[in-house]
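Next come two complexes, and both contain chain A; in the first it sits with chain B, in the second with chain C.
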Partner chain A sequence: MVNDDGKIKTLTEDISLLETYIQDLFSFTPLPLCFVNPKGMVLEVNPAFVKATGYDEYDVVGENLTLFMEEKNAKEILEKTIKEGLVEREKTKIKKKDERVLPVTVFAKSRKIKGEGVNGAFLSFFDLTEVEEKEKKVKESNEKLREKVEELEKINKLTIGRELKMIELKEEINKLKKKLKRNKEG
Partner chain B sequence: MTYSINQEEIERLKKVEGEVRGVVFKTDENYILREKGEEGLKKVEEELEKMGVFIDYKSIDRMDFYPLNLRVFSLLAISKAFNYGEEEIKEMGRNAPRASFLIKFFTKYFMSSQQTLAKVTEMWAKHYTKGRIEAVEVSEDEGRAVFRLHEVNLHPVFCRYLLGYFSSIVSMVVAEKVEAKETKCLFNNDDYHEFYLTWNTESNN
Partner chain C sequence: MMEEETKEEVIENESGELEDLRRYIEDFTSFLPLAFCMVNPLDYILDCNHAFRDVSGYEKMETIGRNIDFLFKDKDKGKIEMFSTRVANKDSVVEEEVTLVTKGKKEIPVRISALSRKDDEGNFSGYFLTISDITETKRFEEELERKIKERTKELQKAKEKLEESEKVLEVRIMARTQELEEINEKLEEKVKERTREIEKKAEELEKKAEEMRQTQTALLNLAEDTDKASKDAEKEKEKTLAVIKNFVDGLILFDLNKKVSLINPETEKMFGIKLKDVIGKSVKELKSFPALDPFVDLVGEELKEIFREEIATEKGAFLEVTTIPVKDVGTLVNIHDITREKGIEKIKSEFVSVAAHQLRTPLSGIKWTLQTILEEEDSAEIPEEIMSFIRKAYEANDRMVNLVNDLLNVTRIEEGRYIYEPEETDLMEIVDPVIEAYKDHIRKKQIEFEVQKPAEKLPKVKVDREKITMVVQNFLDNAMKYTKEGKIIFKVESINGKVKVSTTDTGVGIPDDQQKRMFNKFFRAANVQRMDTEGSGLGLFIAKNVVEAHGGKVGFTSKIGEGSTFYFTLPANKEEIDSFFEAF
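Take a look at the complex of A and B:
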């Protein structure tokens, strides 16, 4: 028989193991994550969040989401998450500690406590900087390509115009030649 | 001015019964490392040694229980090592929830100030085996909360730390800056510690 002290010891060890497991998982993920309460106060961030934004736990925990998100966006995303339970691919921007702005898509999920309702939400941020840079490059390449096509079209038009003119001239010459011949014969 | 302690008080504290979870020491360790680095941690350990106390911050288990008196010795050693006075200790308490596993553990309570403070007793009991918190008044409309701590007679440095700690927790819940003062204290011959917290609301603005 295990006495109460033994049970408590086992439970404490189990909690320690679980805590370590959750902490390792939370720390391992390369995706910036944070947990906020229904009022938007940040209660936890993971190391990837710290790395991506430059804010450490002391800077951001206990502060409102508006520290790094535009107020309107933060409010909308949080309200939608609490109402619908899940928000996917909401585009927004986050302001880093050094004031630089990071384009991101937000994935958010509400956290519910059995019998008590929603007590907050997990938010993850996917950095769109590289995607947007690539999109910009593709857009620039497309623009350059369009300019080239327009240029080619112009050259083409000019070339065709010139050829048509030459055909016209040749026809004119032929007509004149025929006229000249008729004049000589006449 | 730093907090001081004489040999008589050290001996009294060493006899104090009760335990506290290791998470509080990990929070101290995080704060010291962030503010003062590894050298700072060594300084604190040296101050602890002077009081005849040993805390191995690195090997502390967050969920395990440790003697309650170590909580005060840790704060006193930090105060001495870095010349921390009342404001710095309060600030340290205010910063504690930001990096504390306690917060993660209790996020389920962070829904409203009413619910949070109603759960304070439970929160306390899960981390301290001694003492009892009583939520005397919680008014989200009025922007006021009053609660009392009974049966914990450690050291004024702990009162100051708790003042910052509770103000930070409530601030997270009400999303406002919280002012806190200790209106009663066992060290002023009162029967309990009383913490009075206020914040701005639409009605009291």
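Take a look at the complex of A and C:
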């Protein structure tokens, strides 16, 4: 039989373990994350968020989402999350500390406490910069290739095309010569 | 009791907190849109979330307690083993790309990330593992790769086409290059040839340049000479002007437009005119000066060529005018004042006239006396020697009478008193008696004498019979006198309204250098002077003046040693005759 002290000790150790676990998990997650209260105030951010946005933890904790999101977007996403419990793949933009804009897709989930209702929401941000850059690169690459092909076609046209034109012209001249000869004979 | 209650409360609170934490973890892991699992140090899965289930297709219960490597493709198992070792030994996030095999055997490319966890004592207690589906990225990359391949293929095709074109072009370029090389060779040859030509030309030019330099030097010398010559010419001009100014004869210079360009002071004096009044005036315009009237009448508007022709001025002076055409300058008129000579000549003529008259009377007396003696019947009593002297004296006297007659005639001619009585006559009536008179004399000299008369009757001429007889006699006399042998032809003919009389002999002829002076007074050619010492040199002078006084002309042709032809013409046209005599 475990006495109360033993129970307390075990509970305290478990709590500590879970806290560490949560802390570790929160810190490890390679996805930029934040936890906000129903009003949109940031309560917690993970290191991936700090790395992605350039904001330090103390820059954002206690501030509203609108610090790095457009007010309208932030409001819509938060309201939808609270109302529907989940928001997936919502495209938006976040403003980094250096004012640069980061394209992202947002995943959000509300958090409810038994008997208290929604007490906040998790928000994670997938950085689309790389994807967009890749798209851009593909586009640029395509454009460059297209230009190259056009250029080659042009060169081809100028060389082979010109030769063909010359052949055509020679044939035309021969035809005209024959016609002239016939006219003279006629 | 209080303490007991507190422990219970603590237990309750902590249990609640623990529950909260678990719920938080559950909420968090279920929220995480990333597949997540908790793995122990032996790589066994302890927990996983919904996203993990979504990705792998395995339910939570099918996963927990299984080694992590069951999720991946066999070929990646080694990779996973190394991955977990790396995670255990590293404090930071470790990543790897592998292929996940879902429950439905679907292979999904994933990126796995892991972070080790340590216990309180720092021992490795497991790790968090997240699995990211990189299918889209891979697909995207594959798509990109495919597109790139496609494009590369297109590019390759285009490149091939281009290479074909290049080959065609290369062949053409080679052919063209060959053509160009040939052209180039030809061009080079041409260039060389041209260069040679240019060099040759350059040499020629150099030579020419040298010649030019020489010419330049010569021109410079010439310029110096010209300058000197110009100065000399200026001096000469000054001298000439000085000569002209001080020239004793009058000089008028007409330019090529026949306008007066110069007159000298002597001319001003002769005509009482001033240079400034006449300069630039034509001959016609000079007519406005009455003093110049005789001069203008003489030279005419055309400034005809005149040699020593006389005019009389209104002041009674006599001037001898000669016009001399000067090439590229105009016409120079020389006016020589012969008033004094005229006066002397007049005195001389008067003296000759008086002397001749004075001589003629005694000479006639002598002639008559000698003729009487020679014709006296008793003259036979006079010794022959004396008779010979008397005959010679008679002949000499006769020649003297003739000479005196000639002198008187000349005097009359020069005084303009050679007045005759012209009458219309058939010239043959004058000529025939003369022919008859000379016929025998000529034949006596063993000279053939031929008379050629016109077949038709001659037109009448208006002449002084005596004077024309004298001219015919003079011609025949000369022909006979200076012809030793051969023939004399006397011819009368009618030509173009004129009657022409000529004598042609085979006599001594006249030296060329003396022919111009044949009609001058007292002139006798040197060869005839040697043959005959008795001529006076007045016959042809008188004949010329007689013929010209009838409006006719006298002339001759002669060749030394071969003979001469002397002729004269007389006008036979009535109008011409009348016109001449009216003017005369």
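Quick notes on this structure:
Definition applied: the second predicted complex is superposed on the first by the 140 of 186 C-alpha atoms of A that agree within 3 Å, B and C clash if a C-alpha of one lies under 4 Å from a C-alpha of the other, contacts with A are read in each partner's own complex, and residues count from 1 in each chain.
The working rule: a contact is a pair of C-beta atoms (placed from the backbone, for glycine too) under 8 Å apart; a residue touches a chain by one contact, two chains touch by 3 or more.
Just so it is clear, the model here is predicted, and its values are computed rather than measured.
Applying the stated contact rule after C-alpha superposition, one finds that A:T129 touches neither chain B nor chain C.
With both complexes superposed, C is the one of chain B and chain C in contact with more chain A residues. Once the two complexes are overlaid on the shared chain, A:K109 sits against chain C while remaining clear of chain B.
Once the two complexes are overlaid on the shared chain, A:N174 sits clear of chain B and of chain C alike. Shared-chain residue A:E19: touches chain B and chain C both.
Contacts of A:N142 after superposition: chain C is touched, whereas chain B is not reached.
When the two structures are aligned on the shared chain, A:V61 is found in touch with chain B, with no touch to chain C. In the superposition on chain A, A:E88 makes contact with chain C only, not with chain B.
Of the two partner chains placed by superposition, only chain C is touched by A:F28; chain B is not.
Once both structures are placed on chain A, chain A residues 12, 15, 19, 111, 113 are touched by chain B and, in the other complex, by chain C.
On the side of chain B, the complex with chain A involves touching residues 34, 61-64, 95, 97-99, 101, 103-104, 107-111, 168, 171-175. Chain A meets chain B in the complex at residues 12, 15-16, 19, 35, 37-41, 43-44, 56-58, 60-62, 64, 111, 113, 116-117, 119-120. Those residues of chain A that touch chain C in the shared complex are 4-5, 7-8, 11-12, 14-15, 18-19, 21-22, 24-31, 88, 107, 109, 111, 113-114, 122, 124, 126, 131, 134, 138, 141-142, 145, 148-149, 152-153, 155-156, 159-160, 163. Note for the complex: chain C touches chain A at residues 4, 7-8, 10-11, 14-15, 17-18, 20-25, 27-34, 36, 93, 113, 115, 117, 128, 130, 132, 137, 140-141, 144, 147-148, 151, 154-155, 158-159, 161-162, 164-165, 168-169.
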